[in-house]
Amino acid sequence: MSFVRRYWLGAVAILASGVVFLVPFAFIILTTFKDQKQSALRDFSWPDGNHLWSNILEVVTTRNWMLLTAFINSTILTVASVTLLVIFAAMVGFVLQRRKTRFNGLIEFLILAGLMIPPAVVPTIWLLQGIGLFGKLHGMILIEVAYGLPFSIILYRAFIATIPRELDEAAIIDGARPFDVFFRVILPLLWPVTVTNIVVQSVAVFNDFTNPLYYLPGNANATVQLTLYNFQSQFQTSYNLLFTNIALITIPPLLVFLFFNRQIVAGMTAGAVKG
Amino acid sequence: MAGLELKALHKSYGEVEVIKGVDLSVTHGEFVVFVGPSGCGKSTLLRMIAGLEDITGGELWIADKLCNAVEPRDRGIAMVFQNYALYPHMTVYDNVGFGLKLAKTPRDVRDQKIREAAKILQMEHLLERKPSQLSGGQRQRVAIGRAIVRQPEVFLFDEPLSNLDAALRVDMRMELAKLHQDLGATMVYVTHDQVEAMTLADKIVVLNGGVVQQVGAPIELYQRPANLFVAGFIGSPKMNFIGVTVESVVADTITVAGKDLATMAIPADGTGIKPGDTVTLGIRPHDLLNRAGTIVGEVMLVERLGNETNISLKLPSGTSWLVVLDGDHDLKPGGSVDLTFDPARAIIFGSDGVARHPR
Amino acid sequence: MAVMTETGTASAVPLPAMKRRSPYPGWFFLPAAIIYGVLFLLPTVASLYFSLTRWNLFSSTFIGFDNFAQFLREPFLIKGLVNTVIYAVVTSGLKVVLGLLLAVLLTSQIAARGYLRSVVFFPVLVSTVGVGITFTVLMHPTQGMINEGLALLGIKGPGWLVDPNLALFSVALVDVWKGVGLATVIYIAGIVAIPKDYYEAARIDGATSFQNFLYITLPLCRPATVTVIILSFIGGLRTFDLIWAMTRGGPGFASDTVASVIYKQYQAGFYGLSTAGNVVLFILIAVLVVPLTMLLNRREGHE
């Protein structure tokens, strides 16, 4: 490709991507700086004065600091469910890859089923009510674990296949019990794929809207996505506040994106291709 | 005291039997080498001793203790793997000390043992490194160090040198021999390289198809192979074989002749062999002499190395032989060459493949 | 007793095969199996029964296939079914085409490659609800930025989300906007994995860059294509949050999908019908995705 053509194409691509992908984000950011009156115009204009701070303050304090509660809930939900996911999925991936039994086929089928089948919501609610976990944060944590397991297991199993089995055997001969083999030899070696898992699943859980909508009703347990959804009707005329809210809950994924871009891309493609 | 005893050891995966009843007795301090072609079951046998494979039948005794159902860590063994299997996330120090740590050995005892092993293997300067920062030979040393600190009754080696380059392999081979002398421990060593087997072993076990073909000292296997398989497997280049017909049998001498061979009387055990039988005659390439005599063949290929000459020979029956003659011989492909050999150097194998060494 | 004496004597010569513990213990499956079994598999199995009932969480009356019959009778439910398939086909089709084009562009020697990859991928990580709300504002027929922009070019923009014939496609477009980054990244991985030798051989044979694309890139990144199709097709069939954030299935039932119907019936208290919707979605995915996967993978085998 010639030098000139290359840069010409590059310039067009940058311009097009700018219009298509960046303008919506620019619109969000510009709106967060506007006051209610200007934001009501919903146009792509420079804000008259800086109202960012008052907007943030108002969004955060609305409905008795609900957004703050939501951030706390979402953080607990994300950290707890991803921690459990990582450990439990790694354990399954390890034994599933290492030990060939006649159940392997069935287990693999169930994993693939989990990737495809939509969860049966009302029966799940019925079941959660039965065991007293409906509308509880810890119930929601377990739900996220259950729904995230298939993807994480597939990631782990593929990675464990690259760790030589001789390493397990060396540890066994060194006197390691199964527990030690896994937690002291294998798990530390899984670190790269664990980072990928943490990053991908954190984003998924943090951004999850559908499941909390079903299983976590009520304002006390609202997550950030639910809060945004609820604010949508409340802020119907206050676009400045609505978009401030959107901007605020985009910050965590943005940070993850800035620091872990590579792992996310690696994980999503690996999981997708292997799956 | 028996270091290691295998009694009718069997292993099968479902229907497939891979170890078909192995009996072996190893005295304390012996260096035993398992050799055989790939898939002969030598590694499986070693892994059964290690406890990495279940034993389907028979008994395994290590230091007079029945070990069939004993966990690997309690068998008094240590193992060195082909790919070293060092823990990538631990330093050399932690790699060597991992087993002791798991056994909850006190820190000071552990430290002392690690440093002792490092001293024996001259790798004290490597202790703080990670495996990825080591060369192949150094990794091998660490793997051996990890075995030494366990102070095992039996050391197990699974093709430990096959990932090293040729020069390093020779060095490590000598070091292993020295280590065996210094430690005086029982060692079981698996290899497909017969030079390693010949140079290291007190006792070689030749395996094929899950069956022990012969057990014996290296030179015994070379000079008195028990059957066609061992004769063909031990010794490099390979022993030459031809089919011949028995003309007469006198006690301890069998007279044979064939399309490729003029009549020759070979010292051999004639029990059960009668004139007219077809038997196999084996002769090593180095034992053929460039004198007019009993064999005439067409020269196909000549490699003149100066000190010796390798000739690829085609016999009248079409059989190919390799001949190694001392000194330089200016032979041309297409010409013919006359050869003979000392009858005492030849071995007669019956139709069952068993060698008929003279009694 | 008899057994004991027997093993006692037997151990002297032919020892019975004794199993040691496996170093890969089955109980490692246990935590995951319990959570997955109770919270995913059990409800899935239970849904097969509850879909045949009139149900209010406390009591259920068995009514056979009435719920399913209703699904095939009520126009708005059929509409949801048809919409779901259209949505899945449109989004996965666009993601394949655009993802492949973007990936080819972003693996070429183009300037600012890293920046462009980031820009295209970032929307994947943003909250779907946030994206939905943003585009609802941008797509407003008179005050939305999109139509204002089009007006500057002299084009009268359509009523993106208020036109019943267009609403579903508008949501699908936003879905593509948000999801094309993942398709692109999968394609990039596929294209990068193609050995350079092929392109060099083709260059010696005098291939143009379009021929390169047609005869090398396209066939050799087929696994990526399969992945993108399957992944976005399943995603499309299951889609809920974007539709719910943008149109709530409206106007009317114009952009309802099975997933939004499930939620609406749940809200209305028709739990049996809602669960039947779940089973319908499950069957729809099985009926469409399983043959699709087999078809795509079989063709791959022939090459």
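Worth pointing out:
First chain written, first letter: the chains are A, B and C, and each begins at residue 1.
By definition in this document, a contact is a pair of C-beta atoms (placed from the backbone, for glycine too) under 8 Å apart; a residue touches a chain by one contact, two chains touch by 3 or more.
All values reported here derive from a predicted model rather than from experimental measurement.
Common neighbours of chain B and chain C, listed by label, are A.
Of all chains, the one whose CA centroid is most distant from that of chain A is B.
Set side by side, A-B and A-C show the greater C-beta contact count at A-C. Each chain gets one centre point, the mean of its Cα atoms, and the points for chain A and chain B are 57 Å apart. Averaging C-alpha coordinates per chain places the centre of chain A 16 Å away from that of chain C. For chain B, the set of residues that touch two or more other chains comprises 51.
Touching of two or more other chains is recorded for residues 172 of chain A. Annotation for chain C: residues 21 touch two or more other chains. Residues of chain B touching chain A in their complex: 50-52, 72-73, 77-79, 81-83, 85-89, 98-99, 102-103, 146, 150.
By the touch criterion stated above, chain C contacts chain A in their complex at residues 21-26, 28-29, 31-33, 35-36, 38-44, 46-47, 50, 55, 57, 105, 108-112, 115-116, 118-131, 133-135, 137-138, 140, 143-145, 148, 177, 182, 185-186, 188-190, 209, 223-224, 227, 231, 234, 238, 240-241, 244-245, 259, 262-263, 266, 271, 274-275, 278-279, 281-282, 285-286, 289. Listing the residues of chain A that touch chain B in their complex gives 164, 166-167, 169-177, 180, 185, 188-189.
The residues of chain A lying in touch with chain C in their complex are 1, 6-7, 9-11, 13-14, 17-18, 20-24, 27-28, 41-44, 84, 87-89, 91-92, 94-96, 98-99, 107, 110, 114-129, 131, 142-143, 145-147, 149, 153, 168, 172, 178, 181-182, 203, 207, 209-210, 213-214, 224-225, 228-229, 232, 239, 242-243, 246, 249-250, 253-254, 256-257, 261, 264-265, 268-269, 272-273, 275.
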